[in-house]
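Presented sequentially are two complexes of chain A, the first with chain B as partner and the second with chain C.
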Partner chain A sequence: MTAKVAVARRREPVDRVAWLALPAVAYLVVAYGWPLLLLLARGVTGPTGLTLAPFASFFADPFHWQVVANTIKIAALVTLVCLLIGYPTAFALAWSAGWAQLVLLAAIILPLSVGVVVKAFAWQIVLRRDGVVALAMVKLGISSEPVRLLFTEAGLVLGASNVFLPFMILPIYSVVKLIDPRLNEAGATLGATPFYRFKRIVLPLTLPGILTGVVFVFSLSIAMYVIPSLLIGDRFQTLATLIGRSFLFMRNEQLGSTTALVLLALAVFVVAGSSILARRLERSQ
Partner chain B sequence: MTRIEQSATFAVWVTAFLAVMFLLTPLVVTIAVSFGSSSVFTLPPPDWSLKWYARLPATKGLAPSLVTSLEIASLSTLIALLLGTLCAIALVRGRFPGQEAISTFLVSPLMLPGLVIGIAMLQAFRELGLRGAWASLLVAHVVITLPYVVRTVLGALSLFDFSLIDAARTLGCSYLRALRKVLVPSLAPAFVTSGMFAFLASMDNYPISIFFTDAWTKTLPIQMLQYVEESPDPIIAAISTGLIVLAVLALLVADRLIGLRRLAEF
Partner chain C sequence: MPDFLRIAGAGKSFAATRVLGDVTLGVGRGEFVSLLGPSGCGKTTLLRIVAGLLRPDAGSVYLDGEDITTRPPHRRDIGVVFQNYALFPHLTVAENVAFGLEARRATRAHTQATVARFLDLVHMRDLADRSVKVLSGGQQQRVAVARALAVRPKLLLLDEPFSALDRKLRETMQIELKRLLRELSTTAVFVTHDQDEALMMSDRIAVMNRGAIEQFDDPATIYHRPATAFVLSFVGMSTRLSGSVVDAGDGQVLVATAHGPVRARGAFPCGAKAFVGVRPERMQLGPGLGRENEIEVPLRDIVFQGSKVQLHFTAAAGDQVVVETVQLPLGFEPGAHIKVGFASNDAMAFAAEALP
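For the complex of A and B:
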């Protein structure tokens, strides 16, 4: 993302213009930066000064390790499913023209503009034992009797992949449409096999888009709250649902804040790690 | 084309076709259920009926939550467009230290978990003595909408040739007139795109809003999730269908104004 907000260099020094940034920056510092710092400060200070005790007791509980593992496992699966469907679809979007492109674009952008509660509710209906997916699986001979996918991990991955798929397709599409088709032809003329051309031309050129898409989908998946609440329920906890439960139902703000900081650390690690990777990619090309 | 390439191309189109079906599934299911007569979501519905729509006006809490959401979303989008555009101009034209860091900071709310931002704000607003649900929602939603505006307008501005403004002034325009006649039209697509996504993000927000609602002030997603948890019936599908129709209308308008392809530029 940082690559996209690259700041253009200007010709003349106009320092007075800098003040125009002040309202937005001041607003975000007060309404967003300071609250996060406060959360962090309260998380690492006890009655006797700096302490990591809340985190020690958080990680002393094997249930919490399970919650962290659940969060990462589901996010990784959702990202994988989105990549497998999204990568070819991004190519189709770039190659298509006319009405085919219009259909693809509408199918990608329309769900983006429909709320997540609406979509999660629809997946509740689809994944029931008498739902569309179960009946289709019987018809196709995948299962002998209708299976209830609602409140299973498979159902959660399916629903979440559906909601986050556009965030994988669009960044990959934005790099695919820039690929010069002559590169591939040149490779073919020089005798490279299709596999070799994909590995040496197409894949490296689309890697930045893949990285952006993977980071988008993974970040959204570790943070999702509404989708697991509706599709898998209380027995399966992720960091986000644990935060929600501790604040809204258990009224345990201490546990909620500690869990929030663990999730924050995970999210920052993903974003920071990916921007280091992106910089390395840029340099190697 | 070799056979391998042919089969790869075929696989791409098949996947894309399946992806379109997959993406549209929840929308089609919602619409079908909302027009069905069955109250247990049987698909396809045994009979068609409009009874769930007839019950909408009597649904408790629906209208107030819709009004709250529309108020918060439009106000926060307007504030974000104003603050975000000013800030983007400063970042592109100004020269001051930490510009890269500032633009990263401004879009960072998009990348951090909503629930974490929500509880941080909850505790901080409590500290500041900000207690009203409506005011807290507005303050919080500007944080959600601002990144969309900054990201898109910054991208559009860095492609804008500022010497065009000097040219307009040489030709006799006042500075403000030059801004209005040259800068604003070329930023219009960015305003439409970012305004739309900011508005939708606010309308759809659950994880931050949940901390700032009370018995009287609820946003639409909060109210809808409450319906889903308390009494799941096709009335929710009828509300959802209304929202889908709104989204389609918004996209048609955006398509007319700037073209659908531009919305896909992420």
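For the complex of A and C:
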């Protein structure tokens, strides 16, 4: 009853406020929706009219299945690495104060202003056989001789995680900041161990942030083009690099459009799937 | 009877600021004790030390005969009702109350029965499946109390739980909480800056000031026999007349004030600067016979408070004269000079420099 009243009272101003989104909507329709529609049209039309033949031939080729698998595997690994590093970092950022927080925040946000091409080239140097990573691994006794990580999947995951890490940290940070530290204390005084408190209080309350971060990083890394081009090369194809090759080198616009639609479907599936998962998790809490 | 909760020589500093200095306090089993003081007096710090949310720099805490000074909060068996209630926003009312039981691995049947019982006790059974985010302040407070009590802690700590409620609701909740704690015979320590709340609810009150306990006594003693000038001025209103001691002996002093000589309880040498404090309801209006003390002062304000009337008088610099009466005598107008009397037994002398 009270909820109904609140909704009724809120409806009118919301309608008017919605007009503020007009520029963004107009921009998206013109600059994104329309080209997307053209792409879609090209993907499903052949010389004889409407057809799904391009998709059939795309999925008939085992190489394309390999490309899809590569794309998902790398994106999943990058997302996982970002989550493992980003989650604790978000807490450090949210719970630090004064100068420490300022320095941490700058360290996370400033790198965003460096172009991805520059960063990818920098990682080429770092991941070389005589790069710092290889030398450090020898020093630490992880490997007996310098290992070249450049042009390997591990190197790609390492470089991409570095580039996308802020997109994991910032959404988690924004929810951690809103958590009342007394909730954890309340849990403790009710007899909950630190692990139980994390499981029942901190994790559920940060889940929306985790999910946003995962969707950000996964969508970014599923579609990344420059980083794999520079860090792993042509031998290892992902959907994004395949699109690039189709249009730029093979001049096969049909294959490029089809691949783009597969990538789009994959991204939509992941974003929609994770929102449903999140809602279900929240309900089961 | 040994103290159920015993705080021995507890001290705490933050950076260079000493928040709590050498506090010793004992609370009996089943007792309701208030820590009363202005903000920054260290009362919340003391509460957090007892709860285990803060480690004292010095001293020890004993509960039920055990030294719990270094024990983590989740193994202390001490419940806390926080000032902002700290309800888990992602859980329902029932899930909040069940949290402590589930954390202690109670059986499902026991948890359900206990949650139902405690929601009944705080009249929240109907709202069991609501999200706590949609509750009013009073309802949130009930859930917080039920959540803290459902695990049957040895001790319940309450950190200003009524400060966010409006006056009417606050009084209802105070009575309810007192009844609930008595029914469950729970030992409780209650932090507040509200003197009325402390006087109304407590078995004993520890009045705190600048990180130390000024007086620890039952409410009537705190009010009628304040041990220090701080207690006199912090708890309740008072008439205050300052001057110097001209005669002393037999536990009484005669203080020469700007309003004439006043006899009061106290032990000060002749010549000492002192002030005399009297509670407003212990002062009588109008001329009377055989009074030990009588002064005449011009009436300044009449404040009607429903069940009582407060009269403020114009007094000498640094002094104040306040009288409380049930019914205002006829013909009292601001500006009129009125005789006011009080017994020397109701007047207490304090060292003048101690006046806060």
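By definition in this document, the second predicted complex is superposed on the first by the 240 of 285 C-alpha atoms of A that agree within 3 Å, B and C clash if a C-alpha of one lies under 4 Å from a C-alpha of the other, contacts with A are read in each partner's own complex, and residues count from 1 in each chain.
The definition used in the following text is that a residue touches a chain if its C-beta (ideal position, glycine included) is under 8 Å from a C-beta of that chain, and two chains touch if they have at least 3 such contacts.
Since this is a predicted model, take the numbers as computed values, not measurements.
Peer 1: Please indicate which partner A:Leu170 is in contact with in the superposed arrangement: first for chain B, second for chain C, both, or neither.
Peer 2: First partner only, chain B.
Peer 1: Which partner does A:Pro204 reach: the first (chain B), the second (chain C), both, or neither?
Peer 2: Second partner only, chain C.
Peer 1: For the three-chain arrangement built by superposition, which of chain B and chain C touches the greater number of chain A residues?
Peer 2: Counted on chain A, the partner with more touching residues turns out to be B.
Peer 1: Using the superposition on chain A described above, determine whether A:Ala272 touches chain B (first), chain C (second), both, or neither.
Peer 2: The answer is neither, since A:Ala272 touches no partner chain.
Peer 1: Contact-wise, after the overlay, does A:Trp34 reach chain B, chain C, both or neither (first, second, both, neither)?
Peer 2: After superposition on chain A, A:Trp34 lies in contact with chain B alone.
Peer 1: For A:Val226 in the superposed arrangement: first (chain B), second (chain C), both or neither?
Peer 2: The first partner, chain B, only.
Peer 1: So, A:Ala192: does it touch chain B (first), chain C (second), both, or neither?
Peer 2: second
Peer 1: Just which bits of chain A does chain B share with chain C as contact spots?
Peer 2: In chain A, positions 2, 193-194 sit in both the chain B and chain C interfaces.
Peer 1: If we count contacts the way the header does, which residues on chain A are in touch with chain C in the complex?
Peer 2: Against chain C, chain A makes touches at 2-3, 180, 182-183, 185-194, 196, 200-201, 204-205, 282, 285.
Peer 1: Which part of chain A faces chain B closely enough to touch in the complex?
Peer 2: On the chain A side, the touching residues are 1-2, 4-8, 10, 13-15, 17-25, 27-28, 31-36, 38-39, 42, 85-86, 88-89, 91-93, 95-96, 101-119, 121-126, 128, 130-132, 162, 165-166, 169-171, 173-174, 193-195, 219, 222-223, 225-226, 229-230, 240, 243-244, 247-248, 256-257, 260-261, 263-264, 267-268, 271.
Peer 1: Quick check on the complex: what are the chain C residues that touch chain A?
Peer 2: Residue positions touching the partner: 51-53, 72-80, 82, 84, 86-91, 99-100, 102-104, 134, 147-148, 151, 153.
Peer 1: Within the complex, which stretch of chain B touches chain A?
Peer 2: Touch residues, chain B against chain A: 2, 4-5, 8, 11-13, 15-16, 18-20, 22-27, 29-30, 33, 41-43, 83-84, 86-87, 89-96, 99-100, 102-107, 109-117, 119-125, 127, 139-140, 142-143, 146, 150-151, 154-155, 157-158, 162, 196, 200, 203-204, 206-207, 210-211, 220-221, 224-225, 228, 232, 236-237, 240, 243-244, 247-248, 250-251, 260-261, 263-266.
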